[in-house]
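Next come two complexes built around chain A: one with chain B, the other with chain C.
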Partner chain A sequence: MQTARPGSTIALRLAAIVVGLGALLAIVFLLSKNGQVSTQLFNGLVLGAFYAIVALGLSLIMNLTGTINMAHGSFMTLSGYLAFAMVSRGTNFWFALIVAPLMTVIVGVLVERTLIRPLYQKEPIYSLLLTFGLSLMAEEIYHIIWGANGVPFSPPPSLAGTVGLGFMSFPAFRLFIALVLLLMIAAIALFLTRTRFGLRLRAAVQDSEMIAALGTNTQVLYMVNFALGIFLAGVAGVLAAGLLGLNPTSGNTLLMPAFVTVIIGGMGSLFGSIVGGVLVGLATSLTTLWIPAASEVAMYALMAIVLTIRPRGLFGEEGLFG
Partner chain B sequence: MSSALLEVENLNTNYGKISILRDVSLTVGAGEVVALLGLNGAGKTTTLRSILGLTPPRSGSIRFEGQEVAGRAPYQIARLGVGYVPEGRRMFKDLTTIENLQLAENGRAGEWTIARVLEHLPKLAELRNRKAGRLSGGEQEMLAIGRALVSNPRLLLVDEPSQGLGPLIVEEVYKILGELKAHGVAILLVEQNALLALKIADRAYVLDCCKLVYSGSAADLRADRERVRTLMGLTEVTV
Partner chain C sequence: MRFGPTRLITVGVVILLALAPFLSPLIHVDISIVNEVLLFTLAAMSANLLLGYTGLPPFGNAAFFGLGTYGAGLSIKYFHVNFIEATLLGTAAALLGALVVGPFLVRRRGIYFGLLSIAFGQVFYFIAYRFTDVTGGEDGMNFARPYLGISNFHVTLHGSGFYYLTLVVFVASILAFKLLVESPFGRTLVAIRQNEVRVRYLGLDSNRFVFVAILISATMAGLGGALFGMLNNFAWPLLMDWHQSGDFVLSVILGGSGTIWGPLLGSAIYVIGKDIISSYTNLWQIFIGALFVACVLGFPRGILGSILARFGTAPLSNESEEANWTQSPAIAADHHG
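Our next item is the complex of A and B:
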C-alpha cells in the first residue's frame, strides 16, 4: 500500500485527486435529475473543505511537534470575532478576511512561544491539557466580550446571490469559500514542496534533531509551522463565521469533525487530511439528505469503517496506530 | 596557548543520573585527523553529541576556534563550522539526494557548494533525484558526508562511517575521508574498527567506560597491536 509521501508527489497526487473528484462530481451532477442531491453534494464538498483546512492545520502542528492543539477551534472563533469586530465598524470584508487571520496568528505565536514551547520536551499529554484549558478560557473570554448568543456576520453583498454554472446554480458565497479553501490547500502544498523552508519543515517532521545538527534553528521552524496552522484556522474561521454562524463555541464545533478527519486520513499525512476532510463532509451532508437524524454520527460510522479495514487510516504512517 | 581548532576540557556528560563521560579532555588541531576509539558503549557517540550540543554536557569547557560553545544550541555550533556525520547516517529517507544536500545549506560561505560536493562525489550526482531511503548503505554514507560538507565545516565529527558496510565500500569511504584531510578539513573520527581509523589518523584517544585510557600518536598505537588488543578487545582488531 502507498503511504503519504511528502515531496513533489504530494502536489501530483493532490492534482490527481482534485481532477478525479471533480470529474466524478461533474458526472454525478449531470446525471442526477434530483437538484437536492446535487445541492447536498456541493454543500458536502464545502463542508469537507472546511474540515480539510482545519485538519491540515492540526496535522501540521501535530506532525512536527507532537502537539495536539485542542485550542485550534478557539483560534478559528477568535479570527471570526475579529473579522466581525472589523466589519461591524465599517471595515471592508476583504480586508478583514486577510487581517483577522493575521491578528489571530500573532496571538497564536505568542501562545506558542510562551506556553506551548516549554512543553515540547514533555509527553504530548501536557500540551494537550494546556491547549484544552486555553480553549475553555477562550470560550469564556469570547462570552464576556461578545455575549453568549451568536452575532450576525454575513458575507458582503458582492458574494450574495447565486452563480449559474450551466447545469445548476450555486450560492456565490459557498462557491467563493470552496475556491479560497482550495487555493489555500494548493498554496500550502507548494510551500512545503517548493521552498527551502518547506523542505526543512518536512525534514524536521522526520528528524528534527538532525535538522538542528545541520545548522537550522528548529525553534523558528516550530514557530512558523504553528503560525501556518493558525493562519489556516484563521481564514477558515472568518469564512465559517459567514456561513455557519458565530458564537463562543462555533469554532469548536468544527474541531471534532477535524480530528475525525485526521484519523480517517491517517495520522502523519497531510494528504490524508485533505482526502479525509472531503469524505467526512460528503458523508455528513449526504446522510442529512436521506437520514437527517443520523447526520451527526455519519462521520463516526465512517471512521469506524475505515479503522476496521485500515487501522492506521487511509494514508497514515505505519506503526502510529497499528 | 590555544592553537587547537577544538579544545575539550574536563567534559562531564550524563544521561539522566548516569554519568557517561568523566573528565574527558581532548583536542583537534586545524586540519588534523583524530581517532576516538573504544568499545561499544564506551561513550564515543556521547562525546560527539556533547561537542555539538545535542546532549549538552553537565560541566566542562568546549572551545571551538577559541570560542566557548558549551551550552549553545546545536544549530549555532553547527554554523560555526562543525559538520556532523552521525552514526547510522540518519538520512531524510523521503527526500531526494539533492534535497538532503540542500538541507545543510545554512549560509556558511566557503568552497563547498552543492555543485562542488557533487563534483567531488560523482556518485551522488548520478543519484541526485533518488530518494535517500532507496540508496545503498555506502551511498548513504557518502551522502551523509556530502551533506556535512555543504555547510563548509572546519571540523567534521564522523561517527562510525564503516558501520554495516562491505570492505570495498569502506575503503571508498575512507578514501573520501583521506581526501578531505588533504583538503585541510579536520576530522574527529569515531570508529570501533580501530586499525582502520588509525590508518588515516594523526593522533588517537581511547575511551573506556567514561574515561580516556589512551592519548597519543596514532602510528604508535597502530604499531603496538598488543596494546590495541588490550585496550579494545580482540574482536575489534581487523584489517
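Our next item is the complex of A and C:
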C-alpha cells in the first residue's frame, strides 16, 4: 500500500507547477525574437493545459472508482454544444461558460447514478465498455441534432484581438483560456488538499472500505467526484469549442492525448497529469512546427521514452493500478 | 462418447459453418459477410485470450489486425507476392508489431494495461494515416487479390472458394486455441488472472507468460487481418483505430469471454447485425452503442457464458472470482501493493 501523502507535499508540488510554468513562459519570452517558435510554444502550453484538464478529470474518476471514462470526450462535446445553443439564442458567453458545464454535470451525474454505479463492484473492463458505448451513442445523437459538420462558435468580441505584453502579442482568447485553466487546476488542488471533502476523497482513493467504515457515505463521494471530473470536462469543452472548433467528434479528439497524458504523468498522480499535459502539448505543437506529419506520433514517442526510463510514468506510484 | 453441451455446440457450429454458403442466401446475407464474421472472430479470439483467460483488457488488438491487413496489402502491392506468402507476411507484420510494443505492455495489469494498449495501438493507426505515400493515408489502399500460389496451381479464390479456405484456417485456429488454453501454458495464463502473486510464488515468471500471450494474440489477430485484407482487397487506417479494438472486445463480452465459441457468437451478432441494420438506417452507431450498454448491464457473462453456466459447466466466470477477491482483502492488498 502506498503511504499517505501529506498536504505540504502537494503545496510544494503546486509551487513547482507555478515555477515550472513560469520557466516555460520565460523560454517563450527568450525565444520571442523567433516569432514562429514562441507562438508555437505558447500554443503548445495552451494545448497542454487542455490536455491537463481533461486528464485531471479522467484521473479523478479513474483513481477513485477504477473507471476509465471513455465518454469523457462526449461530455466535453455536449458542454460545447449546450454553450453553442445558448449563445446562438442570444445568451451571453460568460453565462454559457458557467451554465453549460453545470448542465453537463447534471447529465453526467444521472449517467453515473443509473448506469455506471452498478458496475463499481465489477471488473473495470465493464465500466470501460459501457462508457465506450455511451460515447458512440452520444456522437450519433450530436450528429442528428447539430449535423455532421462543425458549427461556428466564436469567442465573444471582448476576447477577440490580441493582447500586447511588450515583447510579443498573444491572442486574447488563448491567454484567457490559459488563465481559466490555470485557475481551475489551482482550485482543484486547493479543494483536494484544503477541504474536508477533498481529504475524504483522497483517503477513499487509498482505501474506500476504511473510509466507509469510518462513517463516510462513499456513494456520495463517488457521485461528487464524478461530477467534479465532468465539470472540468465541461469547462474545457466550452473553451475548446471556441478554440478548436465544435463537431460531433471534437471532444473525442482530445481524449487520446489525455490518455497519453495520464500514462506519461503516471497513473494515480494528479500532479503527473498536469506535468504530462504540458509536456504532451509542447511536444505536439513543436513537432507541428518542424515535422508536421509526425505531430500525432510525437506524443506516443514521448510516451515510449518516458515508459522506457520510468515504467510507472513520471509521477506514478509503484504498485498502484498494477 | 458422451455428448455434453460443449461437444454439441462444436458439432452444430461446424456443420452450420460448412453449410453457410447455402444457408446465408436464405437470410439475404452475402457469403462474404459470413466470411467476414470468421475473420472478425479470429481477432475477437485473440482479444479473448488476453481478456477472458489472462485477465488483461486488450484495447489495441485492432492494431495487430490492421498490421495483418497492411502487411498483406503492402507486400502484394509492392512485392507481388502470392496469397499464401501475403498471409504469412501479414501475420509476421503483426507479430513484429507485438514484439515492439509487447515489452511496454507486459509489466502492467488491469486498467493500466488497457490504457497502454489503447495508446500503443493508436501509434500504428497514425502511421498508416500519415504515411500517405506508402499506405494511401486516410483514403486507404487498393490492391488486387493474388493467386493462391500452391506450386503451379494458378487460381484466384472468390465467393465460396475463399470462404471455405477461411473456414479451414478458422477451424484450425479454433482447434489450436482449444489446445492452447487447455495446455499447461494456458492454465498458467488463467492462474495469472486469478492470482498472479501465487503464480509468482510458485517460481513462474508471470511477465514472460503474459509476453508470450501477447505475441500469440497478435499473431492470431494478424492472421485474421491478412485474410480480411485480401477478402476486401482494401486496407484503411480506421481498421487499426481503438474503436475497432473496442468492437472486438464487445464481441468477446457479448458472446462470452473465457469461452471457446463465445467470440464467434459475438462476432456473428455484431457483423451480421451491422450488415442488416445499416441497410435500413445509417444510425448504426446508436445501435452498437446501445448494444454495449445492454450487454454490460444485462448479461455481463455474455450469451454463451450464461447458457454454459446454466448447464453447470460454467466457463471461467469473472463473477465468482470477483466474490473471492472481495472476501479476502489480504490477497487483494497483496496484489495491489
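Please note the rule applied: the second predicted complex is superposed on the first by the 307 of 322 C-alpha atoms of A that agree within 3 Å, B and C clash if a C-alpha of one lies under 4 Å from a C-alpha of the other, contacts with A are read in each partner's own complex, and residues count from 1 in each chain.
Keep in mind that, in the parts below, a contact is a pair of C-beta atoms (placed from the backbone, for glycine too) under 8 Å apart; a residue touches a chain by one contact, two chains touch by 3 or more.
Predicted, not measured: the structure shown is a model, and the values here were computed from it.
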Which superposed partner A:Glu209 touches (first chain B, second chain C, both, neither): both
Partner chain in contact with A:Ala16 - chain B first, chain C second, else both or neither: neither
Partner touching more residues of chain A, whether chain B or chain C: C
Which of chain B and chain C A:Arg200 touches, first, second, both or neither: first
Partner chain(s) touched by A:Phe259 [first = chain B, second = chain C, both, neither]: second
First, second, both or neither for A:Ile125, with chain B first and chain C second: second
First, second, both or neither for A:Glu140, with chain B first and chain C second: second
Touching partner for A:Thr218 - first (chain B), second (chain C), both, neither: first
Footprint overlap on chain A, comparing chain B with chain C: 209
Chain A residues touching chain B - in the complex, by the definition given at the top: 5-7, 196, 199-200, 202-203, 206-207, 209-218
Interfacial residue positions of chain A with respect to chain C in the complex: 1-2, 62, 66, 68, 70, 115, 118-119, 121-130, 132-141, 144, 209, 256, 259-260, 262-263, 267, 293-294, 296-297, 300, 303-304, 307-308, 311, 319-322
Chain B residues within the chain A interface of the complex: 52, 54, 73-75, 78-79, 84, 86, 90, 92-96, 99, 102-108, 147-148, 151
Residues of chain C touching chain A in the complex: 51, 57, 59, 104, 107-116, 118-120, 122-123, 126-127, 129-131, 242-243, 246, 249-250, 253, 283, 285-286, 288-293, 295-297, 300, 318, 322, 326, 329, 333, 335-337
